[in-house]
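Everything on this sheet refers to the single structure shown next.
Each chain gets a letter, A, B, C, D and E, in the order it is written, and its residues are counted from 1.
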Amino acid sequence: MIPQTGDILKVLPEIIWCGFGVLLMLLQPFLKNRQALTFFAMVGVALGTLSTFFGIWGSGFSGLIQFDTFSLFFHWLVGLVGFLVILASDTYLERENLEAAEFYALILFATVGMGVLASAQELLTAFIGLEMSSISSYVLAGYRRDSIKSSESAMKYFLLGSFATAFFLYGIAMVYGVTGSTNLATLATADSHSTMLRLGLTLILVGLGFKVAIAPFQIWTPDVYEGAPTPVTALFSAGPKAAAFALLLRIFATIDAATTYWFWAFWILAALTMFVGNLGAMVQSNIKRVLAYSSIAHAGYILVALAAVTFAKSDVDGGASRAYAAVLFYLLSYALVSVGAFTIISDLGGHGERHLNVDDFAGLGTRQPFAAAALSLFLLSFLGLPITAGFFGKLYIFTAAIKSHLIWLAVLMAINSIIGSYYYLRIIVVMYMHDHKGAVPADAPASLSVTTAMVVTVAVLATLYLGLAPSHIIGIVLSQNLMLSAR
Amino acid sequence: MVASGHLLSVLIFFPAVGALALLLLRNDDERFVRQITFAISLVEFLFSLILLWLVPIGAAGYSLEEFKRWIVAPPINYHLGVDGISMFLVILTTFLMPISVLASWKGVHFRLKEFHVMLLLLEVGVIGVFLSLDLFLFFVFWEIMLIPMAFLIGIWGHDRRIYAAIKFVLYTMAGSILMLVGIVWLYNTTGTFDLPTIQHMLQSGLLVLPARTEMLLFLAFFVAFAIKVPLFPLHTWLPDAHVEAPTAGSIILAGVLLKMGTYGMIRFCLPLFPDASHKAAPYVGALAIVGIIYGALVALVQPNLKKLVAYSSVSHLGFVVLGIFAFQNIAMQGAVYQMLAHGISTGALFLLVGMLYDRRHTFEISEYGGLSTPMPRLAAFFLFISLASMGLPLLNGFVGEFLILLGTYQVNWKWVAWAATGVILSACYLLWAYQRVFFGAVTHEKNRELPDTSSREKWLLVAMAVVTLWMGVQSPFFTRRIAASSRKVVEQSNGYQMHEAAAPSAKPAPAATGIPAASVAKLSTERLAVR
Amino acid sequence: MTPAILIFFVLAALAVFGAVSLILQRHPIHSALSLIVVMVALAGLYLLLGSEFVAAVQIIVYGGAIMVLFIFVIMLLNDGEEERTHFSKLATFGGIPLAVAIAGFIAAAIAHSSGDLPAATANGSLTSTKTLSMLIFTDFVYPFELTSFLILVAILGAIVLAQREN
Amino acid sequence: MPLNPILEYLWIIPLLPLVGSAINGLLGSKWPNKVVNAVALGTTGLSFLCALEAVREFFASGQQLFRKEFFDWIVAYNDLRIGFDLQLDQLTVVMLLVVTGVGFLIHIYSTGYMSHEGGYYRFFSYLNLFMFFMLILVLAANYTLLFVGWEGVGLCSYLLIGFYFLKKSAADAGKKAFIVNRIGDFGFMLGMFLLFRTFHSLDFQTLFAAASKAGVAVEPMGQFGVLTIACLLLFMGATGKSAQIPLYVWLPDAMEGPTPVSALIHAATMVTAGVYVVARSHILFTHAPTAMYVVAIIGCATAFFAATIGLVQSDIKKVLAYSTVSQLGYMFLACGVGAFGAGIFHLMTHAFFKALLFLSAGSVIHAMGGEQDMWKMGGLRSKIKVTFACMLAGTIAIAGFPPFAGFFSKDAILFSAYNSEPGGKILYGVGLFAAILTSFYMFRLIYLTFWGPERYDKHKVHVHESPRSMTVPLMILALLSLIGGWLALPAFWGRKNYFADFLAPIFGAEEVAGMDAAAAHSLELILSGVAVAAALIGLIVAWKMYSKGARQGTSTGLHKVLYNKYYVDELYQAAIVGPLMWLSRNILWKVVDVGVIDGTVNGIAHGTQAVGDTVRRTQSGNTRSYAVWVVIGAIVVFGIIFWPILRPVFNGTVLGGVR
Amino acid sequence: MVPTNYYIILSAILFGLGIVAFVFKRNIITIFMAIELMLNAVNLAFVAFSRALGKPDGEVFVLFVIVVAAAEAAVGLGIIILTARNRRSLNVERVNLLKL
């Protein structure tokens, strides 16, 4: 039976992305020109993203998906990330001479998965989406077949990932068992005293916690991030994380039971995650690992905002909206910044990613002023300094947390920002204040490649834009929450 | 209170524009870069002098206000304004900037353009801090200022520059992040970041902070400022930062950045959290006094000339904090005045130390000795400035200390009895250092042939000396303009109820501060109080 | 003690036995075979539950396709008995107890909440394949289509990963 | 043209020297000595003339007190106004004339004495600067402005003592002088603050008016009221400036400076500033008997104490220095017993004869080619007659033989001391004994220098009389120290005490309470007789011991203690300076700053590093342990989410444990 | 009739055994089997529930899960082959280059 056009329009982006993924694979034999493929893939992502304009508000496919500002936002987010990552990978693939078509196709399919996660209104659909992004991610992580590290990271990601997936799935089973449904709308008011529901939600939290890498499920992150090809790492740090958070937030915001059960978990895990991330990053020497830990820390900050949602929901004066807005804004700013940062790193890493030690960046300020300046800007944004995106991200989270009277959590977050500032500054210091010990590696690129430069420029502009005039984005994410909380 | 023109915005962003222009410049012509920067900073200084005419004398409120919506949610506004206190701090900044450009005329060659860009950006941040009337804007500038300074220390500094730079940043961060929490908390309580509005709410009793909350908020702000000042136990970043920073950096650091701390106390801690301030005053005062004596004693035994001056700053700023937390008109005016005086005299001291360093590339006192013979002029200037710094009458140091001590004595003579010993000690360490550096026979052969001040240096020092003397003799020129604002601060810090009883006209009408009447109405309808 | 319960326990015992042997066997082939045992047992249970289609799929897809794939790979890689290394202290000492603990947790939670479960499974009426297919092609058409792409991704991935360097 | 040009523009008097100082200081380096002289002498001389004119106008206008506000200096909006206000009254007149007059003479003298020194212009620039500050001090109409001069003269003394900055001892002495003075100023400032707190003003006029008003009760002896404390604090300042116990230590060292400086600053003018302040604040002091008594005791003790040290010094200038300290003690004694007039009188006469003595000593040193040790002199009276005559005159004057100035002033002081209550007799006794010592060490100086065998190497040293520029001031001063005392003839000479009458408007007429004139006269007669006898004793003993050329014995016992000034400097060093430095260096800096505070900061940093390392170590790279971590995480989440259900279980077990 | 709890408990046991297998086994393939075991446990739960609730969609889920499992198997085995090729070993503990 053919679904109505309305439903089709609601999932138009996914359809387009899938379509282009398939096309890429079909074209590959004929189209040997890498740039062309890159361009094609980017067009695909762009079209998919833009196609959201045809979307019709409301739920579709008998309530399996929900097309609201929330999902719209995340479609744009993952679309943007995919777009930038594809553009950034161009140089990388050339340098490491890897096949482009499959790579882009996988990115597209991963994006599809994330899109599904963003708009899923029903747990099993969400599960399929999750699997789609995960499986593509496993492959992407191991895409550099000749590299031991890459394959190892793929192996670890795959084993642990599916391990976590099993938990997630078992959680869905429990929820289904006690309520007879997996549709969030139905679950919204499920009786929150049933132990089995509690169990189910616990297991779901475990599964998703793994995906968003909150402590103590963060353990896989550094290894996988380090081993994976750097553009892929960029994707990991931005896309799947955001999508998983989207689902987490949707569940959390919709199901009352979740709100009540998860609050303290979020509170404690937030604190734990922040500390693990920042303290771990302090002692790292490989810059990819540093950023991996920092991404853990940022997940912790986002959890603070999630914890804030709980109280806020009960709050009258739009506290909840503040919390949601904080999460979304933070995810967006973090995604853009980290894509930018990883892109620079992937370019600087040199052939086979051999120059990724922090000390390899010594004297970068003189060797590559633009790259150094941009990277510093991104790091400062991570650090949360004014006129960068990260600053307002932090600010909104602070506001949300304090609005919900989570003063101590806010203070913990403040302490962590201080710890964080140490290792971010360390990198800047190395870039500007150290001279390169020994000779600069011969194959160290003299300047950023064109595509990289484009990506970085976009990221820089975005960082500054969000840092100087966040009002627009905030306007959007503030309006969206109404949809969410309307069951 | 109507915004006349956009002078303040110009003041803030003119250096930024200059920095941009500098960046576009080609790098090879050093001299040109220096001249351009000097020209920019000089013009900026002249701009700032306009304030002297535009800011009415004897008006407590903010003038030349600029108000513009910046961010909708949360309602953050681009709200600038200047009063007697901030005006002079701005002028001090703009005055010290050309000085420090000239000061590094010969010293700095490495990545020259970036150096000057950093200086100008630093100026942007500092002036922004002094002119912001929006808590949030204030914080933004407060943080912006951090990076250029860190770079100045870290790139153009001396041996242990990186350690010093990181220490400086981390110390400041530690404070400022907590301050951010405080600011946000305050925002959640009041629904606005706008300083005048919050003050209005406190005055009209719309906003009543429970004691505990108020104290926590006070601490959140105070710690950030105390680190900047620096107050006694939080001061250890200062010596390192100073010793490692290049001359220009030290001048700005000592001359202006430290003042941001005390300025913050005056502008935020006292007016916003009067009761908490009063509760904390005994401890703060004690710390300030400890700082005065401790700083002086440690300075006494420093083998490193620059460190000595740095510790002397710790001691002098102790006086300022003491004056602020006396909640007394004379002392408050003295404190503000002392901020300016210290800015000039200590700035000049660092200038002189820098000149010695340019010649001998060491700060070790033991490396010098008998310098009066080869360089009498420098020696004379050094003595002059030292005397100013140790508070000799008719020079600027005295007026501030005198007012502070006199005023504080009116409310707490024990404090003064302790603090005044700092006057003795300052003479001890400065004169001893001076003797070891300049008196006696020349001990090191290297020193025998050192050149005396070049004409550039001479005129720099003349400028400093003239200002020093003029401030010392013509102090009313400053105090008259400071008086009204500082009195207002004292009034507010002594509680709003009595202030309400006083002339209601003193209150800034909310409409004038640019806050839509609606929001104020909303505020007045719901009595704000923290749960 | 109805026959159904008797069958259940037999099959359950079989499944558990398979699982345990999967753990205890040292050679991957044996483990694979014991996993097949589990699957067959589960298929039986599905039948007992009265969902024949699932049972069939279980046998065909799982037991047939997937496990064959496993065994095939094992043969391909021809990896002998696994060596019981103890590099990970944590896993060596904490692994089993903790795993048992979490399992116990889950089991305990389920036992605790058995109250809010439907007492017994509905009587033997089978779920007709028609119903399932109706569901798949109406309510769940979207995930269904997605799974097709999932398979595509899997194939693509397998190709990308397994193809030899040229 | 106003009625009283100079009075209206009183600031001209201090300004002139300042201008001179500025000109010489900035431009003098390139000029020949003549030009420098012209500037220096011109300005000081001019200001001396202006002073005379001002005094004339003052008396012509016949007003009690001339006071004028010139411009605001320190202002705290309607809480505090400290103006650049000058005032002129009888007391000021005395000081003004002494300062400008003696100052001018010493300037002249210096042109000769310093002619061969380097940094000539520097010297005169400093000297003029000193004149400026000193004039500010005496002309000031409020305590703060007075404090300006007060600190300023301290600065100049620092500069001038350290004039030979190549000599470490000189630099040290200068530093010591400044810092010790600062210690005094500490008290002085506190005194000011207290006064302001009490009377809300620091202007002499308002302040004294308020203080003398009924309602501010005289604080009876032993009671420490506001005024007492304020006066003691001010006096603390005075002890610093005027080298009284315990802060006198800097003055002897100050002799490192050029001799004219010693004469001007450390004998005639600056050191008397303390006395001036006490006299200026006499209204406060008279309301605080306790303070008065303290002043008297300190003064008396200093007079005696310093004299004893003076007995044995071998450096001619050191002797004079200690005698100065001792004489200042007399002045304070006078003030302490309420005889402010006598104190000021002694201040004036002392200015004359002590300046004379110093300058003569300078002339001697000049003649001896820089030799200062009296044991290397002797028999000079025939070679430098003028100097000898002048110095003798000065000695007679200080020893207190009529009709020289010293006799009258000292006599007046002892007389008032004798009549003071309580314990006046004791003060008198000590003072008298000090007088004996005074005349002894002064004549010892004369004999060692001018009598006896010539103990110097005639081939090296060619003794010669000093130039005119030096001898003329000597003669003038000698004359002054002869006739200077006649201004205040004791009553029993049946003549008027001009000086007392002159100062009467300020201090009020002085007569001895509870005693009719005749009795007073007879008593005064007796006492002065005793005084003369005392001076004679000193003279004779000195004659016996030194006129026949004694030899410098190895100092032992008491002599040694005296010679080493009771080891006071060593005591201060060991008790205060040393410990303070040690504390600062080894405790505050090395331990507290570096150790504790920085240690804590860095400790925190390292601590976080360590924690980070442990976090890092969990990253074993082994997938199995990762799996276990996931499991642990799951358990944690379970624990948290199931806590509501688990808690009763735990509680149950706990309670069970209790039971 | 068989109470649902029995099935659920059984699935729980199997799931737990899966976890145990995951942390206990060294051979990557076997570990992967452990995951499959866990998925089977989930399936059992789904079927039992759907029957108990009389809602067929649970069984649909099972079908989806099986498909996902198949997909995972394909990719997973690919990764395993890759690892084996790069490392010449299937002992998961020997694949620990990325650490700290």
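Throughout what follows, a residue touches a chain if its C-beta (ideal position, glycine included) is under 8 Å from a C-beta of that chain, and two chains touch if they have at least 3 such contacts.
All values derive from a computational prediction rather than experimental measurement.
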{"item": "For chain B and chain E, chains touching each", "value": "A, D"}
{"item": "Joint neighbours of chain E and chain C, given as chain labels", "value": "A, D"}
{"item": "Maximum centroid distance from chain B, chain identifier (CA atoms)", "value": "C"}
{"item": "Chain nearest the global centroid, as defined over all protein CA atoms shown", "value": "B"}
{"item": "Longest centre-to-centre distance from chain A, chain (CA-based)", "value": "D"}
{"item": "Whole-Å gap separating chain C and chain D, where each centre is the average of the chain's CA atoms", "value": "101"}
{"item": "Between chain A and chain B, centroid-to-centroid distance (C-alpha), Å", "value": "42"}
{"item": "Centre distance in Å when chain A and chain C are each reduced to the mean of their C-alpha atoms", "value": "31"}
{"item": "Between chain A and chain D, centroid-to-centroid distance (C-alpha), Å", "value": "77"}
{"item": "Sites on chain B at which at least two other chains make contact", "value": "none"}
{"item": "Multi-partner residues of chain E (each touching 2 or more other chains)", "value": "8, 15, 18-19, 22-23, 26, 31-32, 48, 50, 52-53, 57, 64, 68, 71-72, 75, 78-80, 82, 92-93, 95-99"}
{"item": "Overlap residues in chain D, where contacts from two or more other chains coincide", "value": "616, 619-624, 627-629, 631-632, 634, 638, 642, 645"}
{"item": "Full enumeration of touching chain pairs", "value": "A-B, A-C, A-D, A-E, B-D, C-D, C-E, D-E"}
{"item": "Chain C to chain A touching residues, read off their complex", "value": "106, 109-110, 112-113, 116-117, 137-143, 146-147, 149-150, 152-154, 156-157, 159-161, 163, 165"}
{"item": "Chain E to chain A touching residues, read off their complex", "value": "8, 11, 15, 18, 22, 28, 31-32, 35, 38-39, 41-42, 45-46, 48-50, 52-53, 55, 57-58, 61, 64-65, 68, 71-72, 75-76, 78-80, 82-83, 86-87, 92, 95-99"}
{"item": "Contact footprint of chain D on chain C as seen in their complex", "value": "87-91, 94-95, 98-99, 101-102, 105, 109, 112"}
{"item": "Chain A-facing residues of chain D, complex", "value": "605, 608-609, 611-613, 615-616, 618-619, 621, 623, 626-627, 629-630, 632-634, 636-638, 640-643, 645"}
{"item": "Parts of chain A lying in touch with chain D, wherever the complex brings them together", "value": "155-156, 159-160, 163-164, 167, 195, 198, 201-203, 205-206, 209-210, 215-217, 219-220, 222-223, 261-262, 264-265, 268-269, 276, 279-284, 419, 422"}
